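Sharing a structure below in structure tokens format, with a few things to ask.
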Amino acid sequence: MNPLHLLAQAPATNFWAEPNGSTSLWVKIVVGLIFGIGLIFALMAAPPQVRRPIVAGVTFLAGLFYVLFYLWPVPIDQKDGELPRNAVEGVGFWLKDALGVVVNFTNILTGFMIGLGIYSLLRIHLRRFFKFQKDWGFSLTLLLSMLAMIFFGYADWLSRLGERGALLDERSNWTLVNYGRDFLFEGLLQQMDAAMFSIIAFFILSAAYRAFRIRSVEATILLATALIVMLSLMGAVQYAIDTPIKQAAGPNGFLLNFQLSEISQWIRNTFQTSSLRGIAFGVGIGALAMGLRLWLSLERTGGNG
Amino acid sequence: MNYDFLRLTVGVLATVGLYSVLYRENKFYRFFEHIFLGLASGWTLVALWTESLKSNWWDKMVGTAAEGTNAAANGNWAYILLLPIGLMGYFVFSKKHNWMSRIPIGIILGLWSGQQIQVWWNTYGPQINASMKPIFPTTFSSFTVPATPEAGAVYPSQAITNFLFVLTVLSVLSYFLFSFDVKNRAIRNTSILGRYLLMIGFGAIFGSTVMMRFTLLIDRMYFIWIEWFQTWILRR
Amino acid sequence: MSVAQPAKRPLGERLQSLPKFWIYSILLVLTTIPLFVTVSVPNEPQEPAIDLYASLMQLPEGGRVLIASDWTGSTRGESGGEFDAIIRILMRKKIKFAIYSTADPQAPLVARDSIARLNDERRKAGLAPYERFTDWVSVGYFPNSEGATNGIANDIRSVFGGRKDFPPGRPPTDIFQSPVLQGVRSVSDFPMLIVITASKTSNFTVERVYGKTPLAFAVTGVMGPETQVFYQSKQIVGFAGGLKGVYDLETMMEHGINNPGPDGKIVVPSSKYGQIPGFPGMPNKGKGTLYYPTLHVALALLILTVIIGNVGMFLSKRANQR
């Protein structure tokens, strides 16, 4: 059993990889699952003083992969079948080969963690429904909508798995499950998504009306810039202001610098970009420091450990 | 009944239902709000599996048989270990064992923080370079840039613009970096200037944000009044 | 006994406290009426959008690009319009594309449904639709955006490995067998990576992919100022920001750059480029053309309400000083 073969540079069949459908593969999967569940129970029994070192160690090892990836010489334009010449190159080759697997692990773990939000939603609404608490009817609505989407979503996906899958890109070949998915996704979900986000337009207008007051120098500068930006976004206004200036100035005239398009572009390129860049630099320095603190587990958060 | 008309009508009803919250919170709004949440979370579960986990995790774990022009692929059983690690995240709901949820989070955060070195340089290296602009003019043949400028020349108007650019970057940066009390008047005044110049950036963001939010609203109005009402009710 | 009439509030105070119901109603009406009126608004595309269009038009015909589609129905007006414009340009130049998403699980299906709609448009115009797997592939969704983008930058074959798409008449097939991705060994094999997004995935892409292949962005209005920072430092070749960006692209699709129209006038001049054609006579109008006039009315309303509020404030201050 070569541990390096776990992530990279592995022959086709080895301790970690078995042919599809083989008994040995399924035995190893079951054993692996039992081991994983055993690990959970072992961690549940872990004394409090080892908890923080475990989390810190896992975080450090995870971060170390990318730190090594960037600092260790890795092969550029690696050819198929090319082998490392020494231990340093060997580690570099391993890092390069392991990157795709590490990215895959990250995506899989994140995928499992996304389920947290849905699990939380289900906990609340299932409890409300089964105990007939206040607004249980709305919880039932939510659960039924979720089930409907899961059913039609999966059924639509399954219907596309066969050889006729590509034909379903044309509506004339649709069946009930395809219509169901389209109705729920395009007909309802996308429209409601758009509606939810568009409600903010009303609040922005109301907030701008009530709160946008020229009470200080800062507020005046903010308002003036916002006004110039909004006017520059209005092509008709820009045309109305720029056309007489263009006609008065002629080609290459000095007056052309006073067109709304030129003024807004100058403000954008001179002040807007530079001030946002200053913010970005400040945020970037903070993010780098935070990254280092997280990697080395120097961040103290609340809770156990 | 025509499917497109039915689909559009239900979409319009849902939009109006959600907009009813602008008047006041009501059961009509809450009904559609819960439908929205249910559909969104249902689709998240579907897409997580069909678009990601099935090929990234399941097929890699159990392998795939030869099919069509796809060669057979071996299964890597170690992928099963990701399931218990991922499930540790769900211990966040446990009062006694919620520390275990930090293990998968620690892996993800660790991988993120390890990337920050290169991320920082990729993002800010070119920007630092682009901020180093010439602030002294090299020619006084014209104050502004003529129609056919000399190659490589920096005209006075350009030098002034560049100076304002560099001054803005440095003063805004000074505002962020020197957030503690400083006695030096030059730095204090630079930070104050930075605060004013920051407002220009915020004003631009506000103007662009307003455009975005209004566009979303206009899109909804177009959907209701043109795609549904004009096309299907007025039949034009 | 007479009832005392409540004192009339001063004008300044009344101007500052218009009821929310009226403001919302006026906004609803003013964003509806212009939609029924067809108005052509003159437009001067901004430099980043001109650079984006020029970069797209300079891609070799029959080539391929990588697209990150990270938008959903919530930003249909802006991101949907940008997506339609960019895909129309790519289809007309017969450029193949591979689409992946990292921001939202809904994004891959939203992109596929949009391409189906654009294919319907091509069929109606008598053009061959873009065939899935041959002309374009859907790579799928990657839940961890930073990690996936990092992987795409450094080892795209490994990150995309195992993903399947649907060729006609065949079962789901490895995407690297598709003509779109055949021979691709790294992200540098793509002449461009286009990110159409309503979130921070554009930032993640610059952070990790910069230097490996030219980047072009299509972002929402909110992200426009931030994206301008990347554009100014030449980390991206061009970008379209918000509804204005959509309208800029549609204008250039109609008129080209430095192209004299039938009246001899150049609608989109640029000193940076030579003559770059548009696609006159083809369906170029999209959400930009449809929504842009109404945006004027909405922005004018906002400016007016802010002015009213400030006038009310000044009147109140003056009244208090008396």
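Going in written order, the chains are labelled A, B and C, and every chain counts its residues from 1.
By our rule, a contact is a pair of C-beta atoms (placed from the backbone, for glycine too) under 8 Å apart; a residue touches a chain by one contact, two chains touch by 3 or more.
Since this is a predicted model, take the numbers as computed values, not measurements.
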Farthest CA centroid from chain B: chain C
Contact-pair count is greater, between A-B and B-C, for A-B
Per the C-alpha means, the centres of chain A and chain C lie apart by a whole-Å value of 19
Expressed in whole Å, how far the mean CA point of chain B lies from that of chain C is 13
The distance between the C-alpha centres of chain A and chain B, rounded to whole Å, is 9
Check: chain C positions touching at least 2 other chains come out as 24, 27, 74-77, 105-106, 109, 142-144, 147, 150, 170-171, 225-226, 229, 232, 242, 244, 295, 298-299, 302
Within chain A, the set of residues that touch 2 or more other chains is 66, 69, 102, 104, 106-107, 109-111, 114, 185-186, 189, 191, 193-194, 196-197, 201-202, 204, 208, 223, 227, 230, 233, 268-269, 272-273, 276-277, 280
The positions of chain B in contact with two or more other chains are 22, 40, 43-44, 46-48, 52, 56, 60, 73, 108, 111-112, 115, 118, 123, 127, 131, 201, 204-205, 208-211, 214, 216-217, 219
In their shared complex, chain C is touched by residues of chain A numbered 66, 69, 96-97, 99-104, 106-107, 109-111, 114, 160-163, 165-167, 169-170, 185-186, 189-191, 193-194, 196-197, 201-202, 204-206, 208-210, 212-215, 223, 227, 230, 233-239, 242, 261, 265, 268-269, 272-273, 276-277, 280
Listed in rising order, the residues of chain C that touch chain B in the complex are 21, 24, 27-28, 31-32, 35-36, 74-78, 80, 101, 105-106, 108-109, 140-144, 146-147, 150, 162-164, 170-171, 173-174, 177, 203, 206-208, 210-211, 220-222, 224-226, 229-230, 232-235, 241-244, 287, 290-291, 294-295, 298-299, 302
Listed in rising order, chain C residues that touch chain A in their complex are 16, 18, 20, 23-24, 27, 41-44, 46-47, 72-77, 105-106, 109-110, 112-113, 116, 119, 132-133, 142-144, 147-148, 150-151, 154-155, 157-159, 161, 166-172, 225-226, 228-229, 232, 242, 244, 247, 292-293, 295-296, 298-303, 305-306, 308-310, 313
Interface with chain C, chain B side, in the complex: residues 22-23, 40, 43-44, 46-48, 51-52, 55-56, 59-60, 67-70, 73, 108, 111-112, 115, 118-119, 122-123, 126-127, 129-131, 201, 204-205, 208-212, 214-219, 221-222, 225-226, 230
